[in-house]
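What follows is a pair of complexes built around chain A, which joins chain B in one and chain C in the other.
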Partner chain A sequence: MKILVPVKQVAVLDEDFELRDDGLDADPDFIDHESNEWDDYSYETALQIMEAHSGVEVVPMTVGPEEAEESLRRCLAKGGERAVRVWDDALAGAGPATIAKLIAAVARREGADMVFAGTLSADHSFAMTGICVAAELAWPHVAVVTHLEYEPGAAKATVQRELEGGLVEKLTVDCPAVLTIQLGINQPRYASLRGVKQAKEKPVDELTPADLGVSGEDLAASACFRLRRMFKPAKGQAELIEGTAAEQAARLATIIKELKGAA
Partner chain B sequence: MARDPKYDILFEPIKIGPKVLRNRFYQVPHCNGAGSDRPGFQAANRSIKAEGGWAGICTEYCSVHPESDDCHRLSARLWDEGDVRNLRAMTDHIHKHGALAGVEMWYGSAHAPCMESRCTSYGPSQFNSEFENLTYCHEADQDDINRLEQLYVDSALRARDAGFDIVYVYGAHSYLPLQFLSPYYNKRTDKYGGSLENRARFWVETLEKVRKAVGNDCAIATRFAVDTLYGDAGVEVEVDGIKFVEMADPFVDLWDVNVGDIAEWGEDAGPSRFYRQGHQIPWQQHIKRVSKKAVLGVGRFTDAEKMAEVIRNGHLDIIGAARPSISDPFLPQKINEGRIDDIRVCIGCNVCISRWEIGGPPFICTQNATAGEEYRRGWHPEKFPKRGSDDSILVVGAGPAGAEASRVLMERGYTVHLVDSAEKIGGCVNSIATLPGLGEWGYHRDYRETQLNKLVKKNKDSQIALGRKAMTVDECLNYGADKIIVATGADWRSDGTSGLTHAPIPGVDASLDWCVTPEQIFEGKKKIGKRVVLLNCDCYFMAPSLAQRLRTAGHDVTIVSGVELARYMHFTLESPNLHRWLHNNHVEIISGAWASRAEKGRVEIYDVLGDGWERQYRGPGKLPRAENTTQRWIEFDSLVLVTGRRSRDALYRGLKARASEWGGKGIKGVYIIGDAWAPKLIADATFDGHRIAREIEEKDPQHAKPYRREVAVWGAPHMPGGKFEIEYQQ
Partner chain C sequence: MMPVDALARVVANAVQRADPFLAAAAYAAAGEQDRGRLEPILLASYRLKRQFAEAPFAPPEVLRRLAAEPDRKIRLKVARHPATPPEVLRQLAGEGACVETLEAVARHRNAPTEVLEGMPWREHPGVRDALCSNPRAPLALLRALAECAPLAALKGIANSPNADAGLLARLWESPDPYLRAQVAAHRNCPPAIMEAAERDPEPAVRRMLAANPAASMQTLLGLLGDEAAEVRAAAVQGASVPAEELSDLAADPSSQVRRTEARRAALPAAVVERLACDPDAWVRRWLGRNRCVQEPVLARLAADAELEVRRAVSRNPGCTPALLDRLAADPAAWVRAGVALRPDIPAGALARLSAEEDPDVASAIGRNPNTAREVLLRIAASGNADLRRAVILNRAAPREVLRTLMEDPYPLNRVMLTEHPALAGEDLEILTEDPDPHVRFAALRALIRRGRPERPAAAADDSSSTTNPE
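For the complex of A and B:
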């Protein structure tokens, strides 16, 4: 019985940042990377099932460049014996449906019985990838899972979802399934130093889309939208009026006239 | 990052007499315990600030002559060529970093007890010092006044030879020039007493003579308490204060202005418990109205916004700082580089000052563990030696000691896992900072929290794990760390054990609903009754702070104190206003008493010195004094126990007990620091953490490496060309 946990290394913007010249993303000089917070919870969910039952394997995976291996090592430091990383430089800027196609391909290759993804990623917040994986695999899915009852190998899982106003929805889902896990479902563990050291020795399979039988055309066809522009909206800003009293009065009068003109 | 343009005003050079300060950051004279006898300490502690961007850096008060000898407290001295040689190290090192060096020429009069020199000092009128009580000065006649003025001149010439750029005539804190100016000290009827002009004469003449002697080479500064806070019994800023500034202005290049006196100099070096930054501005701001010269002032300025504001508003020209420069010697550089959140902000606890008040041990800083360690241990506040091994380190406890150890280890490049059962870094500081007036103490936590969160991102193998169940011995043994540092803090005693009796108080037990420890008060689960008796056997802030908190919450509070209440707070200058507060708010204090037993609703207390004064041997099993018969009962609803602390050392002892398993688990060492080692000041716990992090690869990291000592050396006379052998008068 195998649970695949797709994780993502997300971008964290510096307090002050600039955009890339093409206007499609932030300048990498102002970006740090860290593991996506939701993935701590999805991975913990999988580890708890693994620890409670024998014969359960948990495999973390990511679609990302070499630096993203850090997020996989972070998972392996807590548990699990091996990980999978998929990448090709052509995937830079790929959208959630494209990523999902590759995750689904890994799920098939691994023979995964369940996929636990984070509800969303902290940087792009589409909350789409997990659901697209389900579509690719033609599995049922439940999003924003806050409680899970699941016996490995069982035909159904019982899950709870938190709705508006503290309302809880309880439902059963046929397995295999894709679940996207919400923050707070558990208390994710920290890695020990032993885990950190051991994780460095654990294998990470490196695959390309081609290795997974996904062609460039497949990937291109999977793009369901095109990023047009990323920008900081102009904000109304206070102005500090400086100078002598007369200069300040003159500036104030100009502003009032401008505002009257605009109205 | 670049400097925020709103701070540009702080970086404008300013001319003072023949010299130019490169910016507006100025370390006013403050004590550090170095004086003239520890030249390496003095040179390194001051010059590190020159490296950190300060424009002017001064000595502490610097005696002009042996009859101004403050021993047991520690001043610098400019008495002779030997002192010139030693202080030259300081000025040379300051100059290397492009800053100016200042010396604060000091004559204490009756406030200097002359316990080393055995001299008799002079003053405007004879009085015994309200600071020293036992020490009287001799009332100076005209000859004596001429001589006193010459002492400053001779000292100024030596200061110039020692390389000082700024020479002070020190008249704040009630020292000699102010004594002449203030009618509180000056009762004379000759031309040096009576009218303001007469009272100002000594100070003005001295400035004029010093200026004539060294004014072409050095900027002439004077430190002036512009208001002594006694009303018309002393100096009032809008009466004598500004008039004196007008009279002396032609002879001064730099005014260094503050308020207060020496007996209560916490009104100047205001603790954060009572005073916010800029608290002296209402007085200081009057000086620039009348002076044509540069004006600087202190006020524990820690915030660049506030600094820029007081200059922009025309209240001061230059930001004077003592404590903020100790807490972060690189404060100007960090503002200049836009690294505001890297500033180690002074918390205003005055533990630095406490060391001078105690009588001159090297000063310490709660925030900056490297303060005073620059020379003797070679610690730079911003530079850390690269790690000496690949060892990974588990630090258990994120309080002052554990957080500081982790910070420094991470700065050095070690992989560190810091764990704490609390949700937040800070340990005991998280509770202490909730006590009345102590909010700024939280800066100690904030600095470490900010730095740790930055550092942990630089090494993805490092980790900060908060809010978890306390670690067990087994978990630590199996954690995979090469070295383990235990920093688990301390608890207040729950059974009344104190340093006074070294035994529990019968009947006292904090598991009962009427007994409560400080931790239980912070936790907030136990109901506290209307009438509170607080048993205190601790010399610092916990008992009075809890009394403030409970009184403010409406409880009737009686403190029964077996030791002098808040004794250490005399040294931190918090004591006078604290006692005013307790008095104003009707907190009853029963001093010199301790508890013999307690039961629900009442405690039996006795006078500590209530047993017989006469001592006699009476054989075994019998006390040598008559029995104490002063016991009486007092009633309460809740009994608060500030009796003593006990290290939380079970984890460390558990690990030590299984030392035979360490090798098999790859553990090279287990160490204990901070309160868990022995309860101590936050400053000392922070030092423990810093120290072990710098020495973690040493053979025995538990125990400090020897530091470089500066002592008089047999065979090397103090005076150049002098003699060292024992010689008697013939």
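For the complex of A and C:
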């Protein structure tokens, strides 16, 4: 029984960031990277199932360049024996539907029985990659899972989701399925130093879309939107009006006159 | 100072591993030539420069080097860094500095006085307002700023320790009650203004006057009868208020006043008795922590229905061993944890509490300097990172226990471990190989601070520790 856990290395912007010359993203000099917080929880969910049952394998995977391997090593330091990284330079800037196509291809190749993804990524917040994976695989899915009861090999899993007002929805889902995991479902562990050292030696399979049988045309067809521009909106013109009540009223009157074009 | 050979080894190690975090720690202690070897690692990319320029742990020497970078944003980050030394701020504020950098220097607590005096504040309102909030701004500059600063910035001037009576008198003329309140709270507030403030219609002004440590006993006594509860509460804190004046306040209708009174030093016995029966639990809680409260009242508070009151008693330095013994058997773990934190805990209570598994109690036992080594070892092996950190924070924890925490899975715990005096130099050297860059930095910095790896302090050492190879 195999659980595939897609993880992502997310971008963290410096407060004084600048945009790239093409206006489509932030300048890489102003970006730091870290593992996506939601993925810590989805990976922990998979590890807990692996540790509670024999014969369960957990495989972390990512779609990202060489630097993204750090996120996989971080997962492997906690548990799991191997990982998968998919990349081609043509994938730079790929949207969630394109990434999902590749994750689904890895799930097929690995013969995964379940896919646990994070609910969303901290940088782009699309919250749709996991759902798109389910669509690609034609598997059922449940989003924003806060509790999971699942026996490996079982035909159904029981999950809970948190709704507005603290209401909890409990439902069953046919397996195999894609679940997107919400923060707080568990307490993710820290990797031991021994685990960190061992993770350096664990294999990471490096694949291209072509290795997965996904052509450039397939990827182009899966793009469901096109990024036109990224920009910092102009700052608001709020003004803190100070002084006595009379002074404040006078300033307010001046502003109103200015807006009406009378001043 | 670190011996030359040890420093050379540290630098060589940082260079050989091309580790920017080790390089940053070594840079602080290195000489000119070694710094030249470390800089290509430390400044290898724009991202690294940016990260170090805003890192809270960045050594001043690294900030000094970054201030020489041509990039405006890097220099701005250095100007905003709280550890940037005065001479670097002087350099940053020099010719060609952008307005944002000037603002950052004008606001900086390390900025030299003459740099603040030379700032072009008349041309730049942001620089002017930043200077108004800088406690190092000299009086002459404050006077000039007060001529044209907006109201919000004037409040900064009224808060400055360098504002004199004359300047405060000018600010007092403002119609804004909050500016007048700042003036009334100032140590240099002239007596005439204090008198006027006592009659000010705004409670905020009278409250701030009551909180002024320079307010006279006469002023405070007048404010104790104020109609506003917040003014009476501020006045009751005044150290110059005689104890006999406090009796009536113990029956004040406002719990805010009684809570404040319960925190005061040197309360008369009758006031203590009255406050101990107060219906407000916060009053009893503050009283339970008050050092002037004696045994019979403490014993009564130790039996209070509110667990926070009992916890307060357990933290009171005046709590007797007999009372501590009683509180060590309290049904609430939070109260027992209060006892477990005390260095003067009776031996029997320590033994009983050492066997507990409640996280609050175990954490307190982990920090207690009297806890037995085997108990510390057990807590150090806990699955709870907070409990393990309690042992790291225990300055009396022996090296034998601390060594088990060198592989703590939580990186912050390992960073904190590097500061422990009982850890030997050779242990720190091992931690400079840690996978986490912050641990490596902290370990090398600790090693350099020690001058040379040496035997840990005798009191905290264990018999099996070895001397370092140097």
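Keep this in mind: the second predicted complex is superposed on the first by the 237 of 263 C-alpha atoms of A that agree within 3 Å, B and C clash if a C-alpha of one lies under 4 Å from a C-alpha of the other, contacts with A are read in each partner's own complex, and residues count from 1 in each chain.
Assume a residue touches a chain if its C-beta (ideal position, glycine included) is under 8 Å from a C-beta of that chain, and two chains touch if they have at least 3 such contacts.
Being a predicted model, the structure only gives us computed values, none of them experimental.
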| item | value |
| --- | --- |
| First (chain B), second (chain C), both or neither touched by A:Glu70 | first |
| Which of chain B and chain C A:Thr244 touches, first, second, both or neither | second |
| Touched partner set for A:Tyr190, first chain B, second chain C, both or neither | both |
| Which superposed partner A:Glu34 touches (first chain B, second chain C, both, neither) | first |
| Which partner reaches more residues of chain A (counting touched residues only), chain B or chain C | C |
| Chain B and chain C footprints on chain A, overlapping residues | 16, 32, 190-194, 196-197 |
| Of chain B, residues touching chain A in the complex | 1, 392, 394, 415, 417, 419, 457, 460-461, 463, 465, 468, 478-482 |
| Chain B-touching residues of chain A, taken from the complex the two chains share | 16, 32, 34, 70, 73-74, 190-198 |
| Chain C-touching residues of chain A, taken from the complex the two chains share | 14, 16, 28-32, 189-194, 196-197, 240, 242-244 |
| Chain A-touching residues of chain C, taken from the complex the two chains share | 45-47, 50-51, 54, 73, 76-77, 150-152, 175-176, 385, 407, 409-411, 434-435 |
